[in-house]
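There are two complexes below, and they share chain A, which is joined by chain B in the first and by chain C in the second.
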Partner chain A sequence: MIQLNNVEFGYDKNRKLFNGVNWQLEPGHLYGLLGRNGAGKTTLLKIMTGLLFPQAGDALIDGEPAHKRTAQQLSDIYFLQEEIYVPHLKIKQFEEAFAPFYPHFSHEQFVEYLTKMEMDNMLGFIDKFSHATNGLDIPTKSIFRKIMAAYADEQKTVIISTHQVRDLHSLIDAVSILDNGRMILNAPGDVITDKLLFDVDDQKAQAGKLYYSEETPRGIYQVKENVNHIDSALDLELLFNAAVQNKQEFTELFK
Partner chain B sequence: MDFKSTQTIYRQIENWVFEQILSGAWKPGERAKSVRELAVAFEVNPNTVMRSYERLQNQEIITNKRGIGFFVNEDAPEKIHAIRKKEFMEEEVPEFLKNMRLLGITMEEIMAVSN
Partner chain C sequence: MNINNIIKLIKAYFYENWRNDLIYSFGIMVALSLIMTIVSNNPDLTGIKIAAIVFMVYYPCRFFSKLHQPSSRIHFLMTPVTNAEKVVSGMFLTNIYFVAGIVLSVLIGQILGYGIVNMYKPDIFAIPYGIHNLGEFLKWQVLPYDGEAVLMFFAGISIMFFAAIYFKKSPFWKLLLAGFVISLVFGAIMAGTEWLNVLLTVPAEIRNGHYYKVEHNIATSSDWFMYVAYSVTIVYFYVMSFLRMRETEA
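And then the complex of A and B:
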């Protein structure tokens, strides 16, 4: 389990980016970490993986401070950043150089994923294929989702920090929203749809509180209080907009 | 499958399984596709498929045989028929009748079309 308790951090001494962030991540979920540019998503991930140290509070991986960076911790986590360094190596050489750091590494899975990505020539150079995740073309996006669906299980915690929510909404089953140095929402998808109703209608909600609405030619898209416990499909974009407009209420609602 | 409709993904997968069984693609007594297989095919989180499968279990459409996987129950087609009929009567018929009233359509006109 990954846990952040009252984490404080700022690149500038006089301006805190995080003023007590609490975040708990349970295995078995694929979290979507959402936040505006500059909200600190990458910084938070760097703190979690021991690349930056909290100035106050704790960042714990299975109960141990992340900044200790023990071999055990590092062999259990992988942080794929936006910009990654890919050495000029053949895929086979790359595997030989990096696999020993990860005791859970599976050659079979590696080959399977490479095959799916159509880059299974083990003698090809890996840096030729280093498309950043944002640059995935249409067929590769689908392959990426299939790989993630096959990869996720009850022992793994996956966090994806992205603005491309439409590409990933069917995979994300827990949502964390970072805003203004605070985690204003952190909940599994089924808890969210139990409390909130995502709807498109000709008119605004009559019963219950209306948290967010957006008028479109197809009707009024809205996020409202789920008074009648109706099941609706979670819309990540609407959720994000509703959350940043109702920080206080949402913090209470999802305590 | 397009997940843009307002129906939840797990309900859409549940309906898809209903169709597989009604069409005979999944036969009674046979093994159902694994949670992971469906997750990969639909590109969704395995937890979402699990939720569909839990609902299907509660409706006695499929059974979980520990360690082996999920199996289609012998009477699954009849059960689905009953569930579908109930949904039709409770959801689609009232909507249909509402539209009939709205447009001033009589039962006789409907009968003429159905014949």
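And then the complex of A and C:
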């Protein structure tokens, strides 16, 4: 389990990026971390993986402070950022050099992923994974999602931070939204759709509180209170816009 | 500390760098061969030796170059071994592998150079230095260095090792500056020690005497101090390197 307890951090001493962030991540979930540009998503991931140290509060991996970066912790986590170091090695050499550091590494799984992604060199492989769904063509996006879905199991926690929310919604099962140095929403998808109704209609909602609406040629997209617990499909873009416009209410609603 | 993790790190280093290291070694050999060929009539090798030592002292920078770019820094910091294991593997590579590599390259380069000279000027090869075989050659090249000089050399490496971890940007120039400042400090300490030693051990009437010669006294009594000073420096900078590595952020 990964926990952030009242984490404070800032690159500038006089301007805090995070002012008491709390976030708890359970194994067996695939989280989508959303936030505006500069909200601190990458910084938060770096704090969680022990690459940056919180100025106050705790970042814990299985109860141990992340900043200790023990061999055990580091063999259980991996942080793949947009710009990634690519050694000048062939895939086989890369595997021989770095796989021994990871006790859970599976050669068969590695080969399977490479084959699925039609990769024959390290640069392409890492490039595709580091950019997640950015810049991938439609069939490769689909393969990527399948790989991620197959990879995630009951013991793993996966966090994907991206602006490409439309590519994510079929993949993730929990959503976290970071805004103004705070986690304003952190909930599983089913809890969100139980409390909120994502709807497209000709007119604005009459029943229940309307959190967000957006007029389009196809109708009015809306996020409203799910008074009657009707099933609806989670729309991450609408959810994000609704959350940043109703921070206080969303924080209370998903406490 | 797990020895297997240290071996894994060293192995990963070799996978990534063996080609470059081989190219550099080959470059040194070729350069030395050419130099020996050109200066065979009057071969003063002091400059070459200094260059080789600077190379060796500078090498920690190369090992920790991964810490100088954000993406490779993350890769290095997230490699699943402890900070102590990262430091120890770096110590092995900079103190043994790089030093042995450069010394061998220099020696082979020089031997090749002598060989080339010998082909067209057979009289020059053996006569100037009495180099009749490889054993003699190694003895001539390596043994002139005494224990204090060797310790000073390894102290230099330990200082550069720390600096290479400490500085994230422009490490080369900062290392040069740090090296300059450190030599000044060491120079001041050595001069101060000698002055203090003379002041404390030699009576004033002799010290101020017309025929007083202090060379022997100063050398023997300050030797032990320098041995201790260099050893303390080496330990101090490796401990500092470990502490700094522990606190290095992405």
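Assorted remarks:
Convention: the second predicted complex is superposed on the first by the 241 of 255 C-alpha atoms of A that agree within 3 Å, B and C clash if a C-alpha of one lies under 4 Å from a C-alpha of the other, contacts with A are read in each partner's own complex, and residues count from 1 in each chain.
Simple rule for what comes next: a residue touches a chain if its C-beta (ideal position, glycine included) is under 8 Å from a C-beta of that chain, and two chains touch if they have at least 3 such contacts.
As the structure is a computational prediction, the values presented were derived from the model and not from experiment.
Taken together in the superposed arrangement on chain A, chain B and chain C fit without clashing. Of the two partner chains, chain B is the only one that A:His29 touches; chain C does not reach it. Of the two partner chains, chain C is the only one touched by A:Lys46; chain B is not.
When the two structures are aligned on the shared chain, A:Phe198 is found in touch with chain B, with no touch to chain C. By the document's definition of touching, of the two partners only chain C reaches A:Ala71; chain B does not.
Using the contact criterion defined above for the overlaid structures, shared-chain residue A:Ser232 touches chain B, although it does not reach chain C.
Touch criterion met: A:Gln93 reaches chain C, while chain B stays clear of it.
Shared-chain residue A:Thr251: touches no atom of chain B or chain C.
With both structures placed on the common chain, the touch criterion links A:Ile172 to chain B but leaves chain C unconnected.
Here the smallest spacing between CA atoms of chain B and those of chain C, following superposition, is 28 Å. No residue of chain A lies in contact with both chain B in one complex and chain C in the other. By the touch criterion given at the top, residues 3, 5-9, 11, 36, 39-40, 42-48, 51 of chain B touch chain A in their complex. Interface residues of chain A, counted against chain C in their complex, comprise 46, 49, 51-53, 69-75, 77-79, 81, 83-85, 87-89, 93, 96-98, 100-102. Within the complex formed with chain A, the chain C residues making contact are 2, 5, 8, 11-12, 15-16, 66, 69-72, 74-75, 77-83, 85, 247, 249-250.
Chain A makes touch with chain B in their complex at residues 28-30, 142, 145-146, 149-150, 152-153, 169-173, 190, 193, 198-200, 231-234.
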